[in-house]
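Data first, discussion second: the structure below is written as structure tokens.
The chains carry the letters A, B, C and D, assigned in the order they are written, with residues numbered from 1 in each.
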Amino acid sequence: MRILEHPILGKMPPRKVVKIEMEGRVLEAFEGEPIAAALTAHGICVFRYTRVRKEPRGISCAIGQCTDCVMVVNGIPNTRTCVTRVEDGMKIQRQE
Amino acid sequence: MLKEELKRRTEVVIIGGGIAGCSLAYCLAKRGITDVVLVERKELASESSGANFASVMCTMIPLRPALLPLYSRSLDAFPKLSEELGRDIGYKTPRLNALTEEAYEAGEKYVKQFEELGFGNGFRMLAKNEINGMEPNMVLAPHGILDLRGGQVNPLYYTTALGDKARELGVKVYENTEVVGIRCEKGHVRLIATDRGEIESTYVVNACGAWAPRIGAMVGLRIPIETLKCQVVVSEKLTETYVHSGSITPISYLLADMDQSEGRMHCFGLYKQLKKGELLIGITEEPGNDKWVTFEAMEALARKAIKIIPKIKDQNVHIISSYANLYAVTPDRHAILGPVDGLQGFIMNCGYNDYGIGTGYGAAEFLAEMILNDEKSFPIEELRFSRFSSYH
Amino acid sequence: MKKLSKSAAAKGVLKREDLGRLPGMPSEKRLKKGPVAIIECADEFPCNPCEAACPEQAIRIGEDITNLPVLDEDKCTGCGVCISACPGLAIFVVDLTYSQKEAVVRIPHEFLPIPGKGEVVKCLNREGKIITEGGVVKVINPKRNDRTPVIWVAVPREFAQDVRAIRVSDTG
Amino acid sequence: METYEFAVVGGGPAGMSGAIEAAKAGVQKIAIFDENPTLGGQLVKQTHKFFGGREHRAGKRGIDIASAMAKECHGLGIDVMKDTVVWGIFKGNTVALYNEGKAQRLTAKAILLATGASENNIACPGWTLPGVLGAGGIQTMMNVHRVLPGNRILMVGSGNVGLIVSYQLLQAGAKVVAVIDILPRIGGYGVHASKITRLSVPILTSHSLKEIIGKDRVEAAVIIKVDSKNKPIPGTEQRFDVDTVCLSVGLSPLAELAWMCGCKFLYVPELGGWMPCRSEKMETSVPGIYVAGDGGGIEEASTAMMTGAIAGIAVAESLGYLTKERSEELRKEKTKGLDPFRCKDFGFRRVANEKLIENIIGSKGVRE
């Protein structure tokens, strides 16, 4: 859910909308925001499944420290989505 | 935490909790000799045995026949050790050596030598370009030698598994315990003094790798070991397989290729992918006795790696760590093993240069048998300390 | 300072009986005279913006900024500048003289929506229970408040020392 | 290789303060490196007003302190390299950087490590599920990126971070079902607790997280009461239907670079674990390497500003821009600003910091 109005931060300033593709689903995102924020705004919370036990993982620290939120971005695995900014046409997949 | 009380009297004291010490502790315990104490200044596998290039190999240039029995016995053990120790030691084969057209003949000669020494089924020359089919992600010279039983183990798991199993069988392992002196009487070793107290012992084994000269000095021996610093970088865990064989040398040591030299540093291409997915990218060698990593080494290794495995660059593979370790290098690049003339009970188990992981276990079997049979001799004469006659 | 109630010590939430022990509390006598600051600050941590903000020098902390704020009730005019200056949102102004039946409590309220004058809001006590309704008398939110609006709510006099928050809608 | 007089790793309150003080004293070539796209460190998500006195910029919101300090940095001509990771410090004060796909190196006469901290976790069944986030993580998502990762939240931990983030969650429109803490009393300040309690958020002390339930994300959380020895009391379980569990259970310093420099460390649990020893000027056992802020001991943003400033002053002195006397004078002023944060209930911080200073005396860097 996007926070459009905030008592301290005010109204969300207008931002340029770009399109990203999450496993075939086209999503709108704000230019410059991290991938993790865009996915969260669309209610996506499973970012990957662990290799051996196939457990779901999502965002944990949101500042690039924990690497729980890594995904395959434009074919490149292990991309930290909380600190990688969206670009128009970006292709994102869950990692296993 | 309260440390346990030291055992005051024992049959064998092993100084050093690396691959040499842990292998010997286990090989003794396995043979029923459990009145053994292993003392380690830090923790098991804290030095070179815990962080190295994880190679299962014998030395390659030039071929050193004296080491082959050690290698051979290690190779016999590796396939069974995971089960025996109850822990996966990460043994993975084979080991590949890529060869250029020019080196083909040298390679053939080399393999032949192995055959003559009874390793006939272990090595094979690859057909031209066969190697490229085996390693599709790598840019390699067209020829190659296949070492079927060589490859990799996880050195940290391997070393600690041996130490822990020895402990389980009754060996006392004292970590964070430093040896400060050794007392000898009438040509016999009698006891070791540690920072936690003294331990009397019939045998004292020097398994201290790069620090072996320090222990030697305590009994008046000058052990000719110098250190060589070796650096490795490690990638993030990769989901894909980049390197299929257990270990690969894109341009064999046979050529003594040392490109990318920066000053005194040599950069060899050596690659492997661990079971969990990390790429080990090695190695640089340079004189030195510290374990600080250097930018120069990381850069040289990375530059070489992306030439040999271009996918590293294409897939934006991240380097997540790097480490340095110290080889204990001897003047003739042979290990120093067995009893020492004139000092009863003092046993050498050191000087493994760059092949400790691959041969340490075999050496331990020889040494354990020697102690068990109470023989004062060691079967491999060329490896005895007495070859350095001028040193004692 | 005297010992606080068990609840205040464990959960940081003051009970009515704790108020009298605070050096930032005005006396009953002063309360009856008109608007005055109620400083519900019981933590000895480093903080002094209230002291700096008061135009009448009615709040004193001193050199050691971990001291509790002491209210000089004679100097305090009930102007309320300290309400939004307090980073802990622990200062309120109570005016018992608003009308015969009602008192006005001035409350810092950093939430959306901000109620309008005349709006009826739910009033909550320190434990978060709705105890009454109140009418918004005034909304103060100048730039100086730095996004901490102060809402003046008229409540029945008996609740003046309990109402410490408002709820504008069910979601707020 | 480019040479700086002063390289600052981390553009949070400590790093910026260090750079600002050094620049004010006349240090010429200063650079701040930060891996984030903006300066400010964790200040950029602190929407609340800060405590402290004037020297701590009290009464101002963290977000505004960040932009004011950033502006000051620019005004003083400090080079700010954003989106830049410092991944190593090698011999000879060589700083290795990574920026826009390129690795590069530079050297600096002095280096300040102001790298901050990372959040701790606690493990219980289900703790790895999507929807379990660090308090700082949630703050970043809602206050920086302006997305709310959940609507119904259980907060674990009643320190100031847990209490403040609960309040900020309410401001963002979320429902905080409860704040729990295993200890019998809250860890944070009473005023922060009051702010959320009066908005109907219950604070349950002596309660622990037993289990987090859910398939592909958090669906519920079970808490349990604990006795005076922190042992769970069977039968006291309570289930909350929540979509998010927020962990606010402390911080650990990011001290990797100090380790890599060969600094001497001491285990000081009061400050978050293994800490680089340092002089009262914040210089570590390796000459020319300074630490400040949470990376040198978990305290507060206000103390980070002070320790950063102390380091900056010391650097200016070591480079000859300040006389010993003037530097001492300035340092005393800043140290005074630290005192209120290290007394009374937080007196243990003073003791811990003194321990680190005592242990550096007579010790030399391993490397140089």
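By our rule, a contact is a pair of C-beta atoms (placed from the backbone, for glycine too) under 8 Å apart; a residue touches a chain by one contact, two chains touch by 3 or more.
Only a predicted model underlies this, so the values are computations on that prediction, with no experimental measurement involved.
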Original post:
So which has more C-beta pairs touching, A-B or A-C?
Top reply: A-B
Subject >> Geometric centre: closest chain by C-alpha means >> reply: D
Subject >> Separation of mean Cα positions, chain C and chain A [Å, integer] >> reply: 42
Subject >> Inter-centroid spacing, chain B versus chain A (mean Cα positions, whole Å) >> reply: 45
Original post:
Roughly how far is chain A from chain D, going centre to centre by Cα mean, in whole Å?
Top reply: 25
Subject >> Centre-of-Cα separation between chain D and chain C, whole angstrom >> reply: 31
Original post:
When you check chain A against every other chain, which residues touch at least two of them?
Top reply: 6-8
Subject >> Shared interface positions of chain D, touching two or more other chains >> reply: 61, 171, 173
Subject >> Residues of chain C touching at least two other chains >> reply: 110-112, 147
Subject >> Chain contact graph, described as a line, ring, star, complete graph or other shape >> reply: other
Original post:
Where do chains touch, given as pairs?
Top reply: A-B, A-C, A-D, B-D, C-D
Original post:
Can you name the residues of chain A that touch chain C in the complex?
Top reply: 5-8
Original post:
Once bound in the complex, which stretches of chain D touch chain B?
Top reply: 88, 90-91, 94, 96, 103, 105, 262, 367
Original post:
Contact residues on chain D for chain C in the complex?
Top reply: 48-54, 56, 58-61, 64, 170-171, 173, 184-186, 188-195, 197-203, 205, 302, 340-341, 343-346
Subject >> Of chain B, residues touching chain D in the complex >> reply: 290, 292-295, 298-299
**OP:** Sort out for me which residues of chain C touch chain D in the complex.
**Re:** 8-14, 40-49, 52-53, 64-66, 85, 87-90, 110-112, 124-129, 146-148, 164-165, 167, 171
